């Protein structure tokens, strides 16, 4: 792979294709077993991040390494040698901010900043050292569409102004097409194709990434193959159902109010209804109540006021296991936080919500457990070393499948999928989307919480916009468009 | 036997209460300040007991050998640092469980110093008392805070110094 | 297919590459060095290491009747260790076993003089009261944790001192724990001796006597190992320990389960205390409660659990080894070397056991680094 000065080079590939590993080699975090690295004509051995830094290689990581308790300037000053001079650091931050369009308040506390601004701090940390080669690893995974646009225009400045070489690692096709000058596509640890955005399109890129044709969300949306738009409410999918149960929502959350640790309201009168066999997409910029809603439906959040009802029966909020018992399955936003237990085996993870599938008189039957696990592993095509494999040995996508499998096997009445395809590659996204659709066809009420509008538009029958911990507006799929959704998300009542 | 309230009153108005309290408290303050710096850095130091014991023993030996309080103090510092070095090396570089290492060191040093004490039996003497004029006339606490063996006064320097170190330097 | 993350800690494959032989050599070497240091210490202070080693062996297993005494010490150690494993699996840090044991033993003593009934039943009740006492003491820490958010590592530790003082108070009054003047003789702080039919039987095997405690401990160890691995309760407990949020989602109430685990842990320690009382023997005051009754069994039991890496079945041999050191140390004094040397040996051994895993980790990281810088 070759990076040129003054060029944004896109590195595209599925999860597990090797893009992050390649970048980590460049930055000295991973040691290659073979191969050469040549910087400005001279061969180099990068065995340490400090060596990489000396060579002028800088990286803006996908997962920020910021200290929330400290301010912006303190974070930027971390790791520098020499005396601590707040004045100089602040000046430099303002300089860089102006130069690249990354304005930020040096004295703001990082913990108070939203993801987009935190990323700016990361970028400033990187640019401060004046790197010649800048690597961006999945930069837009936590940004809103506007923030992404701003990022890319800043990138242009970084590149154009000073003739640096920029590598952009991502799995998002449209980003690559709009931001990169040249794209290297990786698959299974090697570069399989090189394409120039002007001469290619999303479909070709996807084909190179995966090795076969993939029906993309965007295409589906464009072709109008989304869900059952106009017939959405009539077509429940499960035979024998007598039309829409609009009088009896499967899940009803009424005027839910909850407070966060600082006393501010994280849910502020949220009212939402779900019906069998439909997919309701909850759109909104991150930080507007999505996480608390997910926590609420996972029995992790008590309510100050308001009710949660499943099939008309009230479910106590915050009581351990109550939501699960009431038939609410959850695929959480952060599976490591509340989804899987990394230290336990795959089999154990599959039964923790309901061990009684594999017990005889309160004793876990090892054989039944293994058989149960094997069945699920096969049905859901989970790549692992078997039922006794530790959860941490599975890739992210496979861990997500374990969560999905576990929840679906319970035959839930409601399935909450929070950011279900975040961080997944095209194939995994396809799989997950199909699964969600099939679940809805089978009569499950699906609540899809996502900050990816494309995903919402692709899967939902009805769309609800969340802002400030409550519903800002709703519409059916056919009424939705990027504009009116964007307006609702952003703040004006369009 | 005097009444209970009388007894309590006596305790609170007697000079020796405060003098002893200051002595004990001062000892604890030295250890606590060190522990505070360690905790700000995120480590949980279980083996403070061991460090105290080691320091006490080495400073006793130091005094026994040289009859100098200064040497004794330095020896004490070194003793504590030695134990800390073991704890640090094992817990942080070798990734052993902090708890196990700490508890074990407590037992180990307790046994070691007890054992060596019997064999070597160093003799010690209290350091010279320094008295700050005027201030030591303050009621109740005057003698306690300003008329102690001189190493006590190191505390007045150590605490602000530690604060400065943690909050004002890189 | 490769995993998505590159981790700094060794992966499955790395561990498999390490040969068993390397481990054995490392452990043997560490233990040898530990003993070497101890031996040097003895020599340096004017003693001889061979008599000390001999005394240790004599005191623990060689002399007639000694390994019975050792087993008698191993029993309570094992019980305390088992309790520690329970609370650790739930993600809690209980370091107050010493206090829980003492309080349990005190409660057992108090009630032992109040109960009538046939001998065997009394013994069971005494043990039970011990367990209840220990559980109640741990319950204080549990209450503080789940009601007021006090970290249990702090509360259990500080409650040890409180326990000692409380029990000392009890030892001052005859209506509580103190023996009546007449039976006390010239000792000050002892309780009455347990009636002879209220004592744990001490079966004799090959000339060695030791109370049933060891058997109780082993049975409980088997039950616990089974319970943790094969029951729903065990699964939920471990779940709570690994990830309390997932546990909450799955219906495991942190308050109920966690408090329960902490109290069970205290219960085991209290049971050990009761067993020490009812088991008698030279090591434990001969069926009489007295000040200092707990005799560091609580602390050592905790250490056993830590050294056994919270593995139930491993705790059994580790408890035995630590018991050997204790019983052996009483013979060391007669060689002219200060008995405290066994504390030193104990400490050095534990540290020695911590070194091999750490060294392996370092070596692997260094190997990878060196290989890469040479080739690339």
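All chains are identified by letter, namely A, B and C, in their written order; residue positions are counted from 1 within each chain.
The rule we apply is simple: a residue touches a chain if its C-beta (ideal position, glycine included) is under 8 Å from a C-beta of that chain, and two chains touch if they have at least 3 such contacts.
What you are looking at is a predicted structure, and each value in this text was computed from that prediction instead of being measured.
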Contact-richer chain pair [A-C vs B-C]: A-C
Taking each chain's C-alpha mean as its centre, the one farthest from chain C: A
Chain centre separation (chain A, chain B; CA means) in Å: 52
Distance from chain C to chain A - Cα centre to Cα centre, in angstrom: 46
Centre distance in Å when chain B and chain C are each reduced to the mean of their C-alpha atoms: 30
Complex interface listing, chain C residues touching chain A: 1-7, 11-12, 230-233, 235, 238-239, 242-243, 245-254, 368-369, 371-373, 375-376
Complex contacts: residues of chain B adjacent to chain C: 86, 90, 93-97, 99-101, 103-105, 107-112, 114-116, 118-120
Complex contact set, residues of chain A against chain C: 15-16, 20-21, 24, 29-37, 45, 47, 189, 298-300, 320-325, 330, 337-344, 348, 351-353, 355-356, 359, 362-364, 366, 383, 385, 390, 392-397
Touch list for chain C against partner chain B, complex: 41, 45-46, 93, 95, 299, 302-303, 306-307, 338, 340-344, 346-348, 350-351, 354-355, 357-359, 361-362
